[in-house]
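Shared chain: chain A. Partners: chain B in the first complex, chain C in the second.
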Partner chain A sequence: MKDFKYADEKISSREIMIALPAITVGVGILSLPREIALLTIGVDGWIAILIAGAVITIITWITAKLAASYPGESFLSYASKLVTKPVAILFTITLILQSLLLSAYVIRVIADIAKTYLFDRTPVEVVSLTFLLVVVYAVSGTRAGLFRLNMLFFPIIVLITFALAMFSLGWFEIENYFPIFKTGLMDHLKAAELSSLSFVGFNVLFFYIAIVKDTEKAPKASIYGMLIVVSLYFLIFLVNLGVFGNAVTGNLVYPLIELAKEIEIPGGFFERFDSFFFVIWIMSIFNTVAMSVDVSIYAFQSILNLKKITYLFCVAPIIYIIGMVPEGALEVGKFGTFIGYFGIISSSSIAIILFTISKIKGGRNQPNATK
Partner chain B sequence: MLLSKKLNLLLLTMSIFLAGCWDRIDIEERGFVIGTALDLADQKSNEDYEVIMTNQFVIPAGLGSITEGSGGQEAFMNISETGTSLFRTNRKFSQLNSQVPFYQHLKVLLISDEVMKQPNLFSDMMDFYIRDHAMRRSIRLVVAEGEARDILNLKPKNVNVPSMYLDDLMENVDRNTSTIKPVHVGEVQELILNEQSYVLPIVKKAGDQAEYGNVVVINGESNQMVGSLDEEETAGLGFVNGHTEGGVLEIQVDDDLIAIEITEIKQNMNIKNRQKDQLRVGISIDIKGNIAEHFGGRSVLKEQYVNKIEKSAEKKVKELVGNTIEEVQGELNTDVLGIGKTLYKFHYDFWQKIKNDWEKGENYFSSAVIDVNANVEIDRVGSNDRIKMSEGG
Partner chain C sequence: MGRNIFRRRKMRQESTEGESFSAELGTDLDKNLQDLQVMIGSPGDLVIRRVTLGVNVNAAVAFISGLSNKEAIHNDLIKNMQRNREKEAGSDTPDELLKQMQLDLISIGSVENTNSLDKLTIDLLSGKSVVYVDGAAEVLLLGTEKWETRSIDEPISESLIRGPREGFVENLQTNMMLIRRHIRDPNLRFDTNEVGRRSKKKLVVCYMEGIANPDIIKEVNHRLSSIDMDGAMESGYIEQWIEDSYLSPFPQMDNTERPDKVASSVLQGKVGILLDGSPFALIAPITIANAFKSPEDYYDRWLIGTFLRFIRYIGAFITMFLPALYIALVSYHQGMIPSQLAFSIAATREGVPFPAFVEAIIMGITMELLREAGARLPRTIGQTIGIVGGLVIGEAAVSAGIVSPIMVIVVALTAVASFTIPLYSVAISFRLLRFGFMIAAAVLGLYGIVLVYIMINIHIVNLKSMGVPYSTPFAPTFIKDWKDLVLRGPIPMMNERPRNLQPKDKRSGNLRR
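Right, the complex of A and B next:
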């Protein structure tokens, strides 16, 4: 039934560019300004975001370059060539685990936030379950469809972020940025380390580049994609600091949500900006979870050829149960930090190891190399 | 196909049952709280205070419409509850009132001066208004002279709901130099976190009306009210830290009274040296204004005379600011001028050395020398030159 444009499950490099921000931007940025503001003085935290962003962008490029030098090949296939099959399977499982844990964490956080701000009495379990069911429904469709959904939602997410920044101007005080450049070096590094945790998600590149039509453009597209994330985070941080100042940002649990609550659009009709913000941010979080569940399916199918729907029915309850395990906000926070470190360290080291080996083996047995 | 159609129909019908919602509260069951007053009940022990929380609920039926009128029904209802933690006190309202208090539309928070005078009590109370997700950060704070809950009962003839009346009063900030811009809960959180001293506006009872104006001074260190500023001192403070947006400056030039309508105030603070015990601070104030009222018969179109007016206005501004500085430096020893803030923001390293001895210990604040420089510019003179011909000018 290949009678329409996206029926062949192939995507373009532009869709990779959008997929990266779609999966990366989610719950991390909601609390990131607090974590950075606590460690830094004044507005200095922007440096941390740029450092973390630069490092992650380089690793993203490495990942994309690696995957793109084996066009059309699955991760398992090219990783097996580089580091024997058992190690490649181990890598794949690590990446699958990372995606599943991330999905579990995100559905838990979104339910917690929804409970705090929207539903007083609806149990967290119910909110999570509802959210997960929608994700399962989306993922059970075609993969290309999911990428189209990213393309559809992403401009709206960017738009709401810019709207937030625009309407904040009335509350914005440049004085809140001072003092500048007073943070110590160690605090900068610590803040950069924490910021990097909010960039988890680029591991999708290991797998999805195989289905990109114009593979040679994929590395460049990935860099653009990551730069979009960095600029969004940068903008959100600057607006947050400008409106609340360092001390308040450092003490609000979700500074970005409070920002949406603080601003009021004059005229009364759109006074409650936070309701719009929630609706749209949930779209972005939906993208995050849908993409990570989907990539785990894709990775798993390369090891064991299971039907998509069978896999989904096995994995969805696992995600749900893992998500419900942490008790209370503190444990959820610890879980999040763990996933951040696990994700960043495992993806980066896999990318660097494989990339180095592929460079060493280089010209010898790389018949598929494009350049 | 037929079966699946039937199945679809069944599923569609079942969706009727999906309409249930845990958090549904019908709008009729919500009690819209539009203003809250906090009073001190009595001191139980040294640490615990009992607080009276008075919520003003809106009765929508009483608001009526322009054509129908309200039919004599009151548009608001005040209910008081006593307790130690505000959250529990707020829950107790449900024992009295069938409607659940709904704070998303809370506009004004009145706090009695008795509450403000207790150390740390006010900042502790703010926690509830910041932590609770239903609270908006733009709730306006105002200190009530005397019992705060009495002010929620004031109802001049042209208003329906006292809280809305208070909220509107706070809009008129550019008319007088003794009224400051409304302070929001969100801003206060920042001030408390930064341990900065600040001022809050006062509202007091004046017969059937409420009178908005002047400020109380809150020390950032002890989180309590240490005094208040009168009309002139508030005006002086407004010139220094930009709390005031406009107002009237009355001056005397050669026995003629002149009222200048202020249209623009700009201020700038710079630190001239970094000597701990003799800090020199320069404050320059630029004011633009119009001549709004002029007694006597001299022509306000003569440049020389206008210069003279500007000079006396500058003298007046300096005098007002000087009085304020004297009061906050000498009497209250509380830095509401924002010098500490400027030091923190622009002289961070120096501030780190002196911040613990700023308003206490060595009291570097009170020994700081503050130079005030004012510049007044007359923009327009109105539509008339003079009301009578005399003196020639």
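Right, the complex of A and C next:
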């Protein structure tokens, strides 16, 4: 911070710390309590969230550590060093695909939710399109700007979550938590597997760590970032179960928004808090999509140097069309599960493969890579 | 600029063909005076006074009557020239005589000599007087500038309840003096530039050496040097020429009439820009947070300052969102309004033939009309307009069934809220953005509002003011600067300059207990 270094496109590790929750927290958590509640008994689902959270945090750390051991190098460049260039390109494309599919899924879900909670007559297509256009506008700006946007919106998201939790206290009943510890081991694992899908998004670390100023702090920052996500999910799940109980939560499509519907804001300004809550939550969803699209550009530019705008205009229609393909809630749900698995499995395996190889090759590569 | 005069001169040369006009300063007095008259077109306010010096040496004094201090010219120049003929007779050559006059006879502070007709003309037109001596190769330029100025007044556009009552005036020297009186530090710099092809006005960049980041100063100077226009009537010309983005609705520089505000900004590491002839100084760089800061925040105790800032943030929120929220709630999300209120809104909207959006636009435009009319009219009539508009039109519109009473409340509240924002230029862009929000709310309800809100945020994070991101210190985050953001910390605690400006000297004081 000695010189006047605003203009350059570098970010700090603190921005990485905020970017992780900003990209991860999105539509997944809106329905996560239901999915867990369906598999577990009582409030036992918290174990699943913690298990999934712990596993993902470790993988996130591996990813960050891997990328941070090649400071300033793009994913393609260090992956090529570890596993030949063609494989590295394959990995990059997989990650790009993952980001694009995630964006497509999210813009679809946001439209569906908007239809449910905001307006029932406006067509899904319009809602998705306007959202995508705003994303295009955001991504066509600077990358540093996107990280600043995360910094601006994320506190609002945390605030509204805490506010929701606070207001819920009046509806909170401890009996809803019982019985505890009745879920079988397999169900726990299955629930953990499902909840891990809501943690998709840490693949941005593969790419963004290259533009972090204080690279050595990045792995720690990413752990903190992921822990923020885990605690947020944990809190939301506990509050949800406390208010609705296991059976009801299992039957609500978006338990988190329903929670906002159930409670009453003191002062009586809003009859229904759910629409308002969802509207605020759109900012978080927006961050998810904007970061995903941007990381896909960043990754793509490492393979083929295309102008940002050109790429955006090519890729935005594709995202839109993919998003519009699934018909009905069931197909959208399946699509989501597929993306979850695809995202988690591909990014985890890429992280683990590269990390292992870099550790094996470590003795030779490390000196010139990290000084 | 030399080129322009040359061009003008050439034109003159053509028009006055046969009169033998010469662009250079000669040694012949009559010829020189004639050239000067041709050059500036012998205007009525040009005074040429011939004097005889020493042993019959012809000399002349030229000045523009309205721009010069006549008393000084009479008493300290002409009188001295006339009363010291013996001394003057001691000099042999005209050049020596000129030198002697400069050192010995003329009792005016600033004396320069030149042999350039260009410089002579420009200096003459900015109020200096010229002394010609027949036979001498050079002339003397005397600093006799003086003209009628407004006296220092309370700043009209930024009145405070507590704080200095002095405001800038149109005179640059006075303005510099006003700042100097706040900061008596040898490191206070006033770098003088000149702007305008034709107006050739003085422009002063004011900063603290050793506090302000050199890169910011370099950036400001670089941009100022790029200015190329005929004239700068007001500092607004400068602002629009050097701002980062002319597409942005947000001003990227602060303008103020208050010397204390410029002084405190300069002490924080910002740069002030003063233009001759304008009582508005520019301050750069600024961030979005500056829109909510007023000098008064610092003059009152911190609790009051903080409270006022909260009020302004709420004010900005209401200005931008309230009409849009009303439209969205009434036309899309009736379910969100508490049922009793919903019933009463529905009842009052019973006879209104328009949808909420049209209603809001009608009232919004009416409000802007009233504001503009009030601003254009003399102050006494302006108040009448306010009363007529506010009471009569509002009341009559409701009883005529054009708008609902709730809408009147919404619009009135919006108007009042928009006046809480201290920066007039920001307040006006907030009001402009309000229409954007209203359209979005009419099309997509709350969803539209949040999308526009996101878009504005995108714009702000990409916007810069003199290279400093507009969204600091929110993001890029400088937690230490948050002491002076929404919160206005106690003065003894605020002993560091804002980090977001990356000042060279970080501390402004120490807290001793």
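Please note the rule applied: the second predicted complex is superposed on the first by the 357 of 371 C-alpha atoms of A that agree within 3 Å, B and C clash if a C-alpha of one lies under 4 Å from a C-alpha of the other, contacts with A are read in each partner's own complex, and residues count from 1 in each chain.
Everything below uses one rule, namely that a contact is a pair of C-beta atoms (placed from the backbone, for glycine too) under 8 Å apart; a residue touches a chain by one contact, two chains touch by 3 or more.
If you're wondering where the values come from, they're calculated on a predicted model, not measured in any experiment.
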First (chain B), second (chain C), both or neither touched by A:156: neither
Which of chain B and chain C A:116 touches, first, second, both or neither: first
First (chain B), second (chain C), both or neither touched by A:261: first
Which of chain B and chain C A:325 touches, first, second, both or neither: neither
Partner chain in contact with A:314 - chain B first, chain C second, else both or neither: neither
Touched partner set for A:41, first chain B, second chain C, both or neither: first
Residue contacts on chain A - larger count, chain B or chain C: C
Touching partner for A:251 - first (chain B), second (chain C), both, neither: first
First (chain B), second (chain C), both or neither touched by A:178: first
Residues of chain A contacting chain B in one complex and chain C in the other: 118-119, 122, 126
List of chain A residues in touch with chain C within their complex: 1, 3-4, 6-7, 12, 14-15, 114, 118-119, 122, 126-127, 130-131, 134, 137-138, 141-142, 144-153, 268-272, 275-276, 279-280, 282-283, 286
Residue ranges of chain C in contact with chain A within the complex: 213, 215-216, 332-333, 335-339, 342, 444-451, 454-455, 457-458, 461-462, 464, 467-469, 471, 474-477, 499, 502
Contact footprint of chain A on chain B as seen in their complex: 21-23, 133, 136-138, 186, 189-190, 193-194, 344-346, 348-349
Chain A residues within the chain B interface of the complex: 41-42, 116-123, 126, 175, 178-179, 182, 244-245, 247-248, 251, 258, 261-262, 264
